[in-house]
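The structures considered in this document are given below.
Both complexes shown next keep chain A, but they swap its partner, so chain B is in the first and chain C is in the second.
On to the complex of A and B.
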């Protein structure tokens, strides 16, 4: 299908341009291309194959007719802090050194994207191509002043970093958080990215993160999405994994009216591996769309995906995972699994697991299943005097547990379990 | 080792690539309303059919050719360069086989579909009634009288239009409306002939019904229509086969197949598709853009598609089932083989509307050479389709590192009682499997044949016996010597 262009992008540009400062750190050619892309292609509608089940254009048109960009400041984030972690804070897309913890960790360097040296600057937009997707383009054109985080060679961060992305506004606003996370060779870190919305305004968060995991480094990343019913977001993670490196991500969607995740992982070095896990439990009229791409570019890499969804009320869950094995990527091992439970008759679950394979000596498979709560398991519990509600909770907890247990930081796991009512 | 044998395979030739020197009457290339008027007049069609054609043509003109299909790059087709009617001159009024043009009979004999043999075999229990479609026109339908005794109508589409206009009027376009898609609209406007089959209430068709399609003339397209109606409690097994001569040009085949199954009826539709696939450089070959769809209209009905796809330069085909009746069943079994520069994009759609509906999808793709083989399918559970059940399995086998195998399943569920499973794997023939066979004295080629046949067995088993033998041979030829 040929995607038709709408004028939504232009309206957004017109609404936010007056209050947007010049984005100094984005290279000029990237900026130009981003604007050109938006002009020519616009915001994707459901005619766009990648956005078939997630018509962002229509949602923006309906919910963000009157973008005022009246952003509010935040005085404290204490209530959101997690135990045994170091907190970094990004308010409305801008990194806030004042609100962040002032602790010096060996091997950790944090810098505002504005203050990068020549080497750091080179990494901006180095793996997120502004001409590949409308939201990368939009972020590149109006990027907030995010941060550059670097873990030095051979450094192993003992304490997890907790990055709080908080958005707060009056009326309607669009924010574009952006960051670069770089793990140098042999380093290790755990980073929790936590998105929340504060106050009564309606925000559209267009998040973009470029993550580079260098030789033999190991990045464990958790994305906790909790922007409540006034939060709309498109979150793009562009990840490059080099030789012998490992990338591990678990994305938990707790709330948000629209949550679209584009998780694109490039396995660029031999013997690298990547694991993506996801859990979404939706209700009301929420729309949660997880889109993943595993791009196997070289031989001997391994990837794994496990996404689970529980859909209730009139909400919609989507999983679209693509395993792409390039011609030279022999001996690839790629596995993908998507499991869903539909709890209501008004809910919808759409899945599209894709395999695109151009190498012959590979082991690739995907499996997806959708079903209901197992009646015999329910009967077993009921027969032992457990009420229907409790039994439901136990069974859902068991279903979701497989993903929740991937969270290896206790305070994060507790927070998630508490929020889900387990 | 594998490369050598692959090379050999790539050089294996299409055996059905001859042309038949037979006198034909062919329209000058081009497409406009006049051509449609002329076509309709030639076939002595009633007014309503002409209107249907013109209506479709108007719709078609407003549609855009689907040029944006993933993994399916193909040059633009010039619809004005195609002739929309080509028929053997000696067509009219054939009462017995003796009156059929001997050249034509020879052609079918070469194809292994000897009409003569069919005649001789009559009375044998496992016989087949054949409707042979040569270029655009059905030349001979065998066993008509035998079938008529049971009340079964099996004839060419044109005859059906003359003899059973009420049935055609009632059912044509019911499952594939003329507005459905670009090629279905084109077919609705210019279809030349095809087969029609009606099984009356409570009748179990005593023999396999078969249509054999052959494109012969150059510069023509083949646009046939098949319509199968199974009335309450009836059963029919229907076979379809096809070949075309070897030419440097690409020829278009845009067919429409519609199946309607009433209460308790069952239709089994099997295809062995072996259109000319083009040479090893991708020159020539058939563009096979067909729309096949069945509807389980009432309760307890069943439609089963089985296909073995080995031919065509480009195959684009999604035999689908609309499960409207409660307890209805849809099945799709497919083996698709691509080699050289072939492209296949095939799969199915299972639309669950009725309660307790079930569907099964088994798809086996084999790619070799520099071909691309995709499975593209949709399983849709509509709201209210209580207790719907689907199981899908899509396996791909890659031979060599220059081909591609892809899976694009779409799963849309709107009912909480649905249980849907989908599995897909991609792999190559295991070195250990090959070693095992070779150690027991099989050469590499035979070992591959054995393994591939085993890999496809689930699907081949679903074919009627006569076809299964042919399909196995075809697989062996198509993959001669491909070792992954």
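On to the complex of A and C.
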């Protein structure tokens, strides 16, 4: 008797494999392990502790019944360009030199993952372990022509890079963008990673970025998800921060039916620092799930997290933040805060801070709050002649502003505010 | 201007206002005095439209329109202003943007276009001077970190900006030192015209030395038990509220 195939991972593999071609840059052993992981563990259901509120398996089963992988190309990205930034474009996981700005910036090197030298190749899958998570495995098995972005030693990129990731297909498709962003010692850059979906099809974007911030370098990173109602995505950032280096990320979820962000930061060198900020404003039946892991491996590091959510209609927001302080990581300072506003009776917010501390001389704290719009503030504004609708917008803007103000590139901030109706 | 007839209101099922009657005409200043718990703040909240209060009986007409039928923002747009006893702090909302929004919504309601940036700033400067409000406060978040006196002056500053027809000052004197009291009173007196009116709610007579009322009403146990001229406030100050309580206990 032949058992009916119920494994979502297997279905995806069967659907994509014939069209994916061979992934050239992934080392053979990683590829094998990734496939084995998928075969054995599959796509996580809500029985998996890390996916308790985000049953990707069920969502994929329901929404992606017929993955045809008919990917579409794009002729222009002008409408998505942001002022005072350099645009780089990735279409369905493939870097597009044609659509990207043709500007040479001193100290910036862009390369395809396929064309890396031996030294560069060593970085592939060096911090994103294909056996640690199904989506890293899936990406490792099927990513297209990912790109490598390097900021040279001592270089300070004067203009922010705006990387637009476009997922576009007819019917249903799975897209696996992948990159490595490397900041060499003493370098500095601001990189905006902006995900959009285009066209009539439904896309499942399984994004993976490995970010390496070397000694005394500073990476300011903005992640913006805006894939609209046909967009489903799991976005993984694996970040390694070395001695005296600094990593700042602000993640803004503007749209997307499913957005799951896995932001895993390893503070690997002493005196390094990481800040993660996040904002999600959800509506309809959206599910936005932010998972962070702040792994303090060595002493004298600092981390800070601030995530804010506004949940409306029947949507669901999740924040799960884990701070891991290893035995040797004395003098760690780690803070985490999650604040949420529930606008509707049918909305759901799940927040879960997790502190695992194995060192004894540390300062760690976390806080979480969920409430409604402050009624006394609402009445005060109304009593000055401001309508309920405007007052609502003003108060939500004030709430979200704490995160939006972290966006130091004006055009990005304006774009986000406009998209949120502020 | 405003006509309150047999107004009854309760909060959480408990009746606080038990039949208020009050008539205020343009150009008049009415003071409402009364002991703690008599219903003074409830009256101002009900008139401004706070949702926690339920009007169970009576009617309020404001310039010929049914006030109780209007949303709080419409009452303000129609020219009602409440100076809060406890102004609310709103972190993240700049005082100046808040005022601009309020002013422009009112203008839109009156069929006017938004105020020019230049005119708005000139107006802000002029009105700030009136209540001696530090210009820096305008750019801060609404009432956040303001001292008690600054909050009250900010209320009068907003009133000056919005130019209401009827302003209700709810214990604006509470928490004010003598100097701040004088500043606030001067502001109010300067803004007084023949076309607008004030209801001044206060516990003490001292504010009425500076803002001289045409009528004084004593509110006790949810009703106006006595009305008179400004001399009534002095009488009350001399005898204290115990006299009132004794006299009207049975009501």
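Heads up, the rule we're going with is that the second predicted complex is superposed on the first by the 416 of 422 C-alpha atoms of A that agree within 3 Å, B and C clash if a C-alpha of one lies under 4 Å from a C-alpha of the other, contacts with A are read in each partner's own complex, and residues count from 1 in each chain.
Going forward, a residue touches a chain if its C-beta (ideal position, glycine included) is under 8 Å from a C-beta of that chain, and two chains touch if they have at least 3 such contacts.
All values derive from a computational prediction rather than experimental measurement.
With the two structures aligned on chain A, chain B fits next to chain C without clashing.
Contacts of A:362 after superposition on the shared chain: chain B is touched, whereas chain C is not. With both structures placed on the common chain, the touch criterion links A:370 to chain B but leaves chain C unconnected. Touched residues of chain A were counted for both chain B and chain C, and B has more of them.
Contact with neither chain B nor chain C is seen for A:105 once the two complexes are overlaid on the shared chain. Of the two partner chains, chain C is the only one that A:398 touches; chain B does not reach it. Residue contacts after overlaying the shared chain place A:13 against neither chain B nor chain C.
Of the two partner chains placed around the shared chain by superposition, chain C is the only one that A:386 touches, whereas chain B remains out of contact.
Using the contact criterion defined above for the overlaid structures, shared-chain residue A:185 touches neither chain B nor chain C, since it reaches no partner.
After superposing the two complexes on chain A, the shortest C-alpha to C-alpha distance between chain B and chain C comes to 14 Å.
Chain A residues in contact with chain B (one complex) as well as with chain C (other complex) do not exist. Taken in their complex, chain C has these residues touching chain A: 48-51, 71-73, 75-77, 81-82, 84, 87-88, 90-93, 97-99, 101-102, 105-106, 109, 141-142, 158, 162.
In the complex of the two chains, the chain B residues touching chain A come out as 64, 68, 70, 383, 396, 398-428, 484.
Against chain B, in their complex, chain A makes its touches with residues 1-2, 49, 327, 330, 340, 342-372. On the side of chain A, the complex with chain C involves touching residues 374-377, 379-388, 390-391, 394-395, 397-399, 401-402.
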